[in-house]
């Protein structure tokens, strides 16, 4: 089976500074869930930004090495091509939701890709059903709870029907009930063959991960393979000291 | 396709004409009439006048300052107060000050019509009027986040007061320096937020293509056409009369 | 009489449904309390009511026997330290050391006294190595500790922390927990508003749950 996402010898640096990430190599198969852990400032978000092409297209960094998205080199893809296949959800829903109704948020991505109106409506229906936000379609996202907002943010990205999903600490601000809902949606997506990379501080959210990689000092090691959890010794090595 | 009267374009055109009239006309009597008609129209459209009153109150010091400046810079007619060679209060100055006051009131009242629509509808309306969609989103997102930044500024003021720096107690000469401290979290917060929103928008393919589709693309009803035509006719009529010096 | 007393607190946002109902709460100076509940249940709102940053629709909040609104904001902050959910909202200075000493200088302390207090706080929160750093360049966990240090420098009698463990990794949560233990050991009580039950459980003797607008212990 071809990898959904393949990273080969990737380094990321900001300007002339030392690389934040060095020589990372891994691949993500369709339906796989890979966790990424590491101390604050180790480059987990930078990794997500590089994989989504945000660096260097929007943020002024350098990405060396090769990133292949569904077999194609990321640097050769246009923005529409990337966003059709790869979605990214961030930690703070307040900076991802900016439209007056949930329905507008779900429609925003497909509208940008010139998806026909009827198909947009169909996608909204499907995604709302899948994520459980069908009752909120007319609601103002600002009036939803933090957990509901994050589900809407996820649904808005899923409306683009990505085959690879990057989740950058999406459960950071969520209570256990909302975390469970996100986990259920992820399980559903994996059954549909979506590859998921999940950056997390909350290790309880990674119990179903097929693999967990840790980043430290810009380098990567595989912390856990198979569905396990980080041992105390491993935790100490992963997080080290400030 | 949906068509909910009035369409966003109708409201935008009405507000543009009203604002243009308010700027072009200097006669306070005509401006007062314009204000009265605008307020009546707001009531008829079931838009609460409370928002207009609140907004007017918020800008009252700015409006009063502008009116005073007008009064001082337009000294003519009957003199009520003079100091040496400077005419501080005159009938002409008061008339000009009243015009400024009413002008701003008309503009603030007129803008209230836009409250009938949410900003997605206003963006769609602007795009239907051939405004590039990137510009329409930029303008409206900027407006949408003004209250957010105001709240961040207030939070920063609160945080500072909670650290024992009470702006009401410290001397005037120190106030400016303290306000400059507040700029740090407010500006930094605003910049971080703006960058994150821009990233999130582009991650959902914003500006991927020169054109985009729209989930909702309302059409103008005959009532919209009637209202647009009426407003334009009356507006240009008043402008013509004003131009010819009749009103 | 408790240090902080909430009597029959009811709260709703304008034109919104009731958010908090008939809440009665007594907090003593050395209490260590966790306030937990789901997203959107009103925990932060209750925290702001305690600080007098919001007024209840009904009921009253007393601080040391007097209505909290009777105290100027500055006095409230000196008696009850408030650490915002987003620590960046309360970072004003150009360096970590300046941040800790910020309010002390405005209190009229001389530079030696300010310096002594700053050193004490930096050591307590393990920020000595970062004393000259620009606060906005710190990691999230360091900003949290800095905000707490700056608040504690005023020697409050009680501290309110809103979601302090959000976004912190395993180690930084542990460091924050250690810092809070030291706060408790100094005889300063605290209330931690959080949805992170695990973090709160180890640090708080009391747990209050906000659900359906009501408070349960």
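Read from first to last, the chains carry the letters A, B and C; within each, the first residue is number 1.
As a working rule, a residue touches a chain if its C-beta (ideal position, glycine included) is under 8 Å from a C-beta of that chain, and two chains touch if they have at least 3 such contacts.
Owing to the predicted nature of the structure, the values given are computational and were not obtained by experimental measurement.
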| item | value |
| --- | --- |
| Target chain C, source chain A, minimum contact steps | 1 |
| Identity of the chain that, by mean CA position, is farthest from chain C | B |
| Higher-contact pair (C-beta pairs counted), A-B versus B-C | A-B |
| Computed distance of Cα centres, chain C from chain A, in Å | 32 |
| Interchain centroid distance [CA atoms averaged], chain B/chain C, Å | 38 |
| Shared-contact residues (touching 2 or more other chains) in chain B | none |
| Chain B contact footprint on chain C (complex, rising order) | 51, 53, 72-74, 76-78, 81-82, 84, 88-93, 102-103, 106-107, 136, 150-151, 154 |
| Parts of chain B lying in touch with chain A, wherever the complex brings them together | 118-120, 141, 144-145, 193, 196-209, 211-215, 217 |
| List of chain B residues in touch with chain C within their complex | 152, 155-156, 158-166, 168-170, 181-182, 184-185, 188-189, 192 |
| Residue ranges of chain A in contact with chain B within the complex | 52, 54, 57-59, 78-80, 83-84, 87-88, 90, 92, 94-96, 98-101, 103-104, 107-117, 120-121, 124, 156-157, 160 |
| Residues of chain C defined as touching chain A within the complex | 37-41, 126, 139-142, 163, 166-172, 175, 195, 197 |
